[in-house]
Amino acid sequence: MKTSMKYLGLFVIAVLSVVVSFGVVSAQTDVTICFGFQDLETEFWVAGHRAITETLRGQGIEVLEYNANEDPNRQLEQIRECIAQGVDGIIIIPQDGDSANTIVAEAQENDVPIAVFNRPPNDRSAGVIVVADNVSATEQAVEFIAQKALRQFEITGEAVTPLILVGALQDTNAIGRRDGFFNVITRYNERYPGLFNEPIEVATEWDAATALANLEAAITANPNVDFIFTSSDFLFPTIRSVLEPRGMWVPMGQPGHVLLAGLDGDATACQLIDQGYVDATGVQNLFLEAELTMNRLLQAIEAGETAPNEVLLDPGFALTAGNIFFQRSDMWGCVLYDDGFLDQ
Amino acid sequence: MTTPLLQINALSKAFFGISAVKSVTLAVHPGEILGLIGQNGAGKSTLMNLIGGVVPADSGEMLLKGKPYTPRTPADANKNGIAFIHQELNLFTNLSIAENIFIDAFPRTRWGMIDRVTIKNKTRDLLQAVGLEIAPETQIERISPGERQLVEIARALYQDAELIIFDEPTTSLTARETERLFAIMRQLKEQGKAIIYISHILNDILKLSDSLAVMRDGQLMAHEPTAAFDVNRMIALMVGRSIEQLYPPRSTPPSTELVLDIHGVSAAGIVENIHLQLHKGEVLGLFGLMGSGRTELARMIFGLDPFEVGDIRVEGVALNNLSPQSSIRNRIAFVTENRREEGLLMNIDIANNIGLVALPEFARTPLLVIDRRELLDNAQHMANTLQLKSGNIALQNAKALSGGNQQKVVIAKWLLSRPAIFIMDEPTRGIDVGAKYEIYAIINQLAAEGSGVLIISSELDELIGICDRILVMSRGEIYGQFGRNEFNEERILRAAFRETAAIPTGEKLPTLDEMAEGSAS
Amino acid sequence: MNSRMNIRQLLLNNSTIVLFIVVFIIFGIWSPLFYSPENITNIIKQAAFTGIVAVGMTFVLLTAGIDLSVGSNMYLSVVVSGLLMRSTGIDVLPALIISLIVGTLFGAFNAFCIVRLKIIPFMTTLGTLIIGRGIGTALTESKQIDFPEKMNDFGQTLFLGIIPMPIVVFALVMLAGYVLLTRTQFGRQIYAIGNDPEAARKAGIDVDRVMALVYILCGFFAGLAGFVLVSQLGGRVDRSFGEGREFDAIAAAVLGGTSLFGGVGNVFGTFVGALLIQMVQTGLQFNLVNLYLQPMVKAVVIFLAIFFDSLREASQKRLKRRFIRPVSASTAGGD
Amino acid sequence: MAIVQDKLSPDSAFALTNKAKRSDRFSGGIGMLRRLLVSDYFVLYLTLLFFLVASIFYPTLSNPASITNQIQNFWPLLAVAIGQTFVLIIGGIDLSVIAVMGITSVAGALVMAENLDPAFFDKSPVWGSLMTEAGGVLAGNPLAVPAAVLTMLLIGTFIGWLNGVAITRFNLAPFMVTLVTSTFFAALALWLTQSRNISGIPEAYVTLGKGDIVSIYLGAKLTPDIARRDILPFITYPFMIAAGLAVVAQFLLSRTVFGRRMFSIGTNRKAAEVSGVPTQSVIIRVYMFCGFCAAMASVLYSGRLEIGQPSFPNNLLLDIIGAAVIGGTSLFGGKGSIRGTFFGVAFFVLLLNILNAMRLSPFIIDAVKGAFILVAALLDIIRTRVANQEQRV
């Protein structure tokens, strides 16, 4: 009993000191913006999060950050809390397009301007919406390697076996990317019959270990795979560790090269394009998106606009060995890469 | 007199200001069996826990072979040559005999692994010493309670214990196993070991011990050579007054009306062709040794276990689809032999324990809301009737009661459902003398009110004391029947003991008459 | 007894193995390439890290405890070694040792809460599950960590030129787990505690020490599994690394016959359990089963495994119930 | 108090002396602390204390809008935690509640959704049967919403029945059974919807998820229009639903035969069985009730989000079990109350909000949250120990 009381005392002190140490609240500013994001699972989201928070804070704006841990309900609760605390504006990265609608409506009903970043609501008529189109960015990247496959096909006449690493099935981004991939494959097969074999789908659950096991199984069962698209660039090291021991990790221009494309455009992808292993990655212009979002929202706040509605488009592009020289500075991953992100 | 092995001087222990052991002074000598008796709560267990290092003493001292002895843990006590064989055996059923014996300190090979050859050989020797011919690798769950007890003794021998404490070792043993245990204890005594033997079976203590200590309310009431005692004196010392009778007299004769009629019940490998009739107002004893199938039979009657052939009638109506629920509807009550595991909700208050069986009767339609007032009143009434000694029954948990009072709670819970048939399996096991008498009185009262009572017990004295009729069970069969005027300890035991006589499987068992002849020749 | 044991009993007693074989045969008929040595190697290799965690989990479950924090532990221990490897340029082996130390300390913290503070294992490890991942996130600011190239080389190393490194580690862990559980005092005392902790204390076993060691060991294995996995993955650790793996580990142990109530279980069973889960996953992917159906099939297989196990228990209970008489010396000693 | 005095009874003497002793020990500061610890309201006091201390530093926490908003966040979590409390009381555990929420949310939407986009759903196995371009089965029907809610509750209850049957009839460990059903139904929900949320939910259903019944406005009425954000929800449909569920659950637990039987099973299943408690049917019904509560929570969650949501995040499960356990429900069965669970829910919801209000970096918020859970668990241990001492003496 005595010992437990001692521990109790220690913990109470610990708790109080935590509370007190954070009690030194930063200086109050005029504008407060609430930033609710769905999670910080991959580099892409971390980079986006940093771009927004650092820029806003740089301008002397107070930012309330809320992490919804991939729970749209929690995000709704958090946005309501922001509203209750009387913030001037809200930026969200929603979990999916449907819950985004509800959250935008909630904010506008309460006269708080809101901007949605990266994942657009299904209904794009309300709120400041910066659209990064997963489907179109995917299509651009897949199209690039499909073109290459077509050239190969025209020479050899051998069908190409495509494989896609599918993200978590509960994630709308993953589903959008899967749709983009299949759109291209179907289109090409209609135009050039016999070009593609039946695509192989590999479940990853956005988990590298699962991706590894399933990809290995799929490649063992179908050793002739020569066209791989990953729904997120963060899986490239995993792909490499499957391909390398099988002699399939070969740079472009050498026999046995497997056509590789991804999406997100992270630092690793940039590096691998530089090195010639990866053919293309679908890129969202993260910095542009962040800037568009913030500018429009701050403008609305200044003007006293409570329900700004506007769609701002980031069409995205495919970064390839061909254009990497020109587009390097638009590509957030390359910026990180060139800053030495991968060897810090 | 030699130096005592263990000398206890003015030892005291209190829990939260309540003394459990008050200034006890006692000595045990090598080669002596000290019997220790007292009611539950008299302080025996606390005293033994002090010796065994389970709890530390508040004041007083212990001297082991003349040197101060202050054990802090059970392991300490073991190291000092004191072994404690608890009533609930301390064996790990998922491990082998050898592993159980060496569990706290295995001999190791050079590589730090368990030296399996050594433990096997040593175990074999130890088992031989206690007369158990079982392979050392046998898992504990495959051997009988008696054999397990012997394994515990083997373990004490291995630890080279000089003082072995037995806390009610015979409660789960068959009579034959008990005899074997006693023989070994005598043997240990001849080897110069000291033994403290705690039991509620006074005759055993008289037979076995050299000296006898009696405790009451934490104090030592007497410590004299056993020859100075008889049962009456022992009881008088334990309860603080003399008890004229051990058993209340049977006051009402049983009626001839049948309340329970069991006809040809069999379950392969368990019981065979059981016929049993219980009358209204009758106290029927079912005597048999552990493993004779008596508990299994009771469980079948109550619907806890299935049987294959035969039928059971209650008040002339045949029962089918037996289950505890249907049995309760048919007004059968069952006090199981295992209070802790099957009898009580230890962490729930007494009132709710008492109300559990009859719960639906306190429910008010349409929502089946419990009339809490009525439940509490009924439970309280029942507690008063049975003279339950407790605190507030709505607040105190069953765990906090003494064994005898816990048993009363179990009986009370069945009484509330007003059963016509009462099956009680070992109703007085582990209960002190005073409480036993009260339980007997309750049984008597039940019969007087017209219930049929079927009592299972391993204590023949008890059955002879309270029953109208005794059936003997052996090897899953009813093996003999004795009316009150035929009660004869020897003959009943003889019938029961056939069970453990070496009869190869498959051979037909002798009939009662043959047995009588056999014993005559 | 043995003479009376019929085929049904034999099948039931080894139900997980039987199920394993049946599933193996079905996948093979579906696609004969499934039997290729490469695929079989893959299955074992992919089962390795789950299996390593599951061995630690078996120890914990044997004491009737549970460790929900192993996934977070895997993450935290490789995060620390990865950060150090990158900032100080240490080699693979020291990094491995750091992972093991972090994993062990993590386990020791669990042990402290459970043994000293007496917080029940479920709540303790639920708390450390959140804390562990939280600290990892704080250290990395949620960013991925890329191990240097040599980590990747380590993961691709073949022992004796044929056996992949993860399999070697897996085998060593299995062996160590087996020896610890069956041949050492510590192992036998774990079984004793799982059977009856109170009796274990009375029998002079230092229960607190054994319990603490069990959680520490489980943490050690989690650290090891994290390191093995990251070397397999090409050296990248992202925030979801190891997430939810505690359930795989528990399932592997339970399918292998380990009881959640303590005292029953062994390493070989856990091995089979881990392989079974991975084999089903691989087989489904191998045969290109619809992604949405894969988890459902997996669930059904796990259900069948625990269902057969319950049949075995029921039939064993029936067999045991027949001994209404004490088993006599001759029969008990006979088997 | 009815103590039968008897010379033979050491117990009665015990009881009297202890009572005397007990009152001594309750005097003084330590006594106060002890009494606080042992109180049933301990978790509530702890939460309030924490909230008060935090509001001193972060005044926004205590503004009325924030408080009413936080209270609205209790209800869905409370609804699902009530069911879990029931299961924990009988010594079980239900890991499948998250999956039940997902599948019921989808099922409800399949009944009532108005128009579905074929581009999203035409690969679904139920496209053309349960799903058409016109919407769900009863799209547009005035009875669609009640039918959807009924369907959801039935399906939730049915999955609970499956769990219960597998656990009782086959004697399987609840942990494993519900892990399996959880995996299965989570995957099924995703398969049916091909990972998409189902929108086009009727207004009446949304009202169930967030509609106000009574609202309040604090402050002077300066303009004819009060801004929406100044109107505070007070009594809402989720509140009515969750509170109703809590009242029913508390009533079942403390007043009915069923509740007593649950506690008896959780305390000692064997003894309960011998005493004629129909253990199997009670256990099955408890799991059914748990499924029912999860479905109810699903109505609240998906109603306010206005979508049929196939997947709920798994870490919500930790909050659910955590809330019940911190509220004093034992994972070993036989102990627990709805009131305690309500306090546990309040603890979890407020804790998270306070941590956010403290402007903790999102990178360390999880570590702090975990630490708080451990502290709460430790306090519960100490509390139980103190309470046991009171009992024993």
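Letters A, B, C and D mark the chains as written, and numbering starts fresh at 1 in each.
Throughout what follows, a residue touches a chain if its C-beta (ideal position, glycine included) is under 8 Å from a C-beta of that chain, and two chains touch if they have at least 3 such contacts.
Computed from a predicted structure; not experimentally measured.
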item	value
Greatest separation from chain B - chain, by CA centre	A
CA centroid of chain C to CA centroid of chain D, Å	31
Distance between chain centroids, defined by C-alpha means - chain B, chain C (Å)	43
Multi-chain contact sites of chain A, meaning residues that touch two or more partners	4, 7, 40, 169
Residues of chain C touching at least two other chains	117, 137, 141-142, 292, 294
Two or more partner chains touched - positions in chain B	none
Touch relationships between chains, expressed as pairs	A-C, A-D, B-C, B-D, C-D
Chain C residues within the chain D interface of the complex	113, 117-120, 122-124, 126-135, 137-138, 141-142, 244, 247, 250-251, 254, 260-261, 290, 292-296, 298-300, 302-303, 306-307, 310-311, 313-314
Partner chain A, residues of chain C touching it in the complex	31, 33-34, 36, 38-39, 42, 45-46, 49, 86, 117, 137, 141-144, 146, 152, 155-156, 229, 232-236, 238-243, 245, 278, 281-283, 285-288, 291-292, 294
Interface residues, chain B side, partner chain D - complex	16-18, 41, 217, 239-240, 302, 304, 324-325, 327-328, 334, 336, 341-348, 352, 355-357, 359-360, 362-363, 367-370, 372, 380, 383-384, 387-393, 396-397, 400-402, 405, 413, 434
In the complex, chain B residues that touch chain C	54, 73-75, 78, 84, 86, 90-95, 99, 103-106, 108, 112-114, 116, 132-135, 138, 142-147, 174, 177, 269-270, 290-293, 296, 305, 475-476, 499
Interfacial residue positions of chain A with respect to chain D in the complex	1, 4-5, 7-8, 11, 14-16, 18-20, 22-23, 25-26, 37, 40, 49, 64-67, 69-74, 76-78, 80-81, 83-86, 96-99, 101-102, 109-112, 122, 169-172, 174-175
